[in-house]
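Each of the two complexes below includes chain A, the first together with chain B, the second together with chain C.
And then the complex of A and B:
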């Protein structure tokens, strides 16, 4: 297919993913006057925000005290007001040599030609294999959260959670709110790995947390009914949920030719990027969980940073104004990456940026 | 038995129009627009398919259309991802054996 320049297929910025990062990027880039399209393969925008029914914390700049799904509504409204177009049920397929992007919608392939691309596709849940892990009733914590909070259906009534990170703790609480019994949370680590606020909440709700334990096997005829845990523990359950971390969804970045690096603290393999979130492909930016697993607030601000960087590069913002706005966001990001939980991510991000710089120095030498 | 969330301290439970789907020939109710997987789950149905070689049961795993474990035969088409395919009134859904067959 030949795209005619100046046709409706030509846009300034294509943002892939309509979660907090993508919407943050949209608000900034469309707000600066660029033509912006956000594409998402799901039929609803907002990414994982609409599954988050708890109140967020942090500073007022970061929606403290507002529930996740309400934040989703606010961001969508802001992005639309800024003039963002949003295309749902549309899956990006790759990047052609001439810079055009084929995508699939209604089982047809169409083409769009963006000047800049911002990848904000988020992360995917990790799993752990163990004997019986394929039994129906065993699924990822995120799947259970979608079913419960979006589609109003519980995966079971007696549930064991594997993993005491934020996802494990938060989803356990959401399941209790929806009427399920969480018989326990187990973790192979010797301490709860999620935030204290979430851990306290779940313990106040009476859910026992078993540390230094691992899941040995799951059995059941047709579907899971019994789980064996190290230390001679056995649970009768109708569902087992796996909350064992997330990793960046790197598929598109790889397809787009972005160099991939590894960062344990940020969830594993991820696209290498500089301090403006530019990847090794000079037209492609990354932000949010795809640029390292963090949280919704950091994703939103990273999105803003990528959005500002992209439109600055296109000349929609004068350098002084753009730099000022970037500094504001960078300051907020630094706030978010402080303290006992954030510091590790701040350091890991710095390492990614310095690896990016080193790579280009080496190439020039 | 229902796994439907009927009361919730935070979420409003909106009344949705109900549609009727058929699972292995029997009629079941579903909320308009929801994925097939959650409709089945609400009725306690977790087994979506049996594997090709050993006939083991499989059901929803990732819930976001990535893992392909929840595929079933939908209106005669095999390998339809039920966690990302919305129900339609009168839809016929069948447990898939192995790679499934076109009906």
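And then the complex of A and C:
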């Protein structure tokens, strides 16, 4: 049954996803006086923040040195104080021609009519197929992190991690803290791809990292017990975790008619957007991992930028004040995208923005 | 006994956007040109208080004193595993790759609410191993 839309269903800004990007967008937009609703299909807000038990990088503006789950609590509190409404267990289904958004809650379809939409749905973990990969005990690193840090259940006792990016390194550290043995981290690359300090932490704890190796097969009856690795390496394990990158979750953006582009450095296909995170649908913004895989601090600031842009466009912010606030965030984003890891993302983001501009120039011509 | 001369050792190798060590230092001994630059320690200003070691999300800072006595120095290491080592116990000092180096005595275990669950473990280390030991073997529950 579809409920008939009434005025109570009209809202200035609908934010889809209550992770760092969505909450950043909520804090800025609700703080400017707009009516703001954050919707999330999960039962708990915070996105991935509540699984992050390590201290975060960044500056004071990003709560650096505070553990991720505590940052989640702070952001949630700030968003609520700013006047944000948060609707959980609610799944956005699409966008209708008249601009209204159907969503599912308690197995019923309801409708909301937002003036602006901010998609902040994040990314999804990649996997790699190999013989035996469907055996129980083999899962993504993020799934193992949810089990360990949210549900407080170890996925296994003897674990092999596939992938030496920050996710692989950090989740390995969490697992050791929770009492598991990580027998090793393998990577197909010839160097560790995550931050050196994260790698140092895990190596100091005695976890070996094997480079130039790939997983060949997993075997076991009923559950993985043996993994074969290139270079004649074999591990006896009860779990294999895959930390092989993330991709933006583009499904909703596609449904909303946003044009999709491709950026290898940002995780693959993603919605094309301008420097204000506006997509090719003039009422839809994107921010955080859905707008290119980066990390939580960038997601938070991108969310802020999208939030400010949306309410400026609705007239809730004086243009001079809005521009000033945007500049502050842009400056921070530039800082976050510096250095040996950030530079590539800065360049990739610039390419996305210039592709967006080019498209509109071509259309006008 | 003369006073221990403690100083922070920063093992932060890469330009990543991160500066809690700078804001944590009460002496202003750590500076960075911008968020993604490497931190620089002004040794003359450093008192070896250990607040940067607690604040560093990368656990990349230890506090070193090379003059504890004739034969030994001390290392103060950030530690995030349970159970915590006990004061007075002998544990295994490990290097940057987790390889056992030597036995070390635990002199002090510091945990404060403001440390946000990172504790400081101070161990007595023979002088010849002061540049090698960077961790301790985890205590088995």
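Here are a few things to note about the model shown:
Here is the rule we use: the second predicted complex is superposed on the first by the 359 of 365 C-alpha atoms of A that agree within 3 Å, B and C clash if a C-alpha of one lies under 4 Å from a C-alpha of the other, contacts with A are read in each partner's own complex, and residues count from 1 in each chain.
Throughout what follows, contacts are C-beta pairs under 8 Å (C-beta built on N, C-alpha and C of every residue); 3 or more make two chains touch, one makes a residue touch a chain.
Predicted, not measured: the structure shown is a model, and the values here were computed from it.
By the touch criterion defined above, A:319 reaches neither chain B nor chain C.
By the document's definition of touching, of the two partners only chain C reaches A:201; chain B does not.
Once chain A of one complex is fitted onto chain A of the other, the partner contacts of A:67 extend to both chain B and chain C.
Once the two complexes are laid over each other on the shared chain, residue contacts for A:341 go to chain C alone; chain B is not touched. Judged by the touch definition given at the top, the superposed model places A:179 against both chain B and chain C. When the two complexes are overlaid on their common chain A, residue A:129 makes contact with neither chain B nor chain C.
Chain A residues 67, 177, 179 lie at the interface with chain B in one structure and with chain C in the other. Only residues 3-11, 13, 31, 34-35, 37-39, 41-42, 46-48, 56-66, 69, 83-84, 86 of chain B touch chain A when the two sit together in their complex.
Across the complex, chain B is touched by residues 41-43, 53, 67, 124-125, 127, 134-140, 142-144, 146-149, 151-157, 177-179, 222-223 of chain A.
Across the complex, chain C is touched by residues 54-60, 64-67, 70, 176-177, 179, 195-198, 200-201, 203-207, 297, 335-342 of chain A. Those residues of chain C lying in contact with chain A across their complex are 11-20, 23-24, 34-37, 55-60, 80-82, 94-99, 116-118, 134-135, 137-138, 141.
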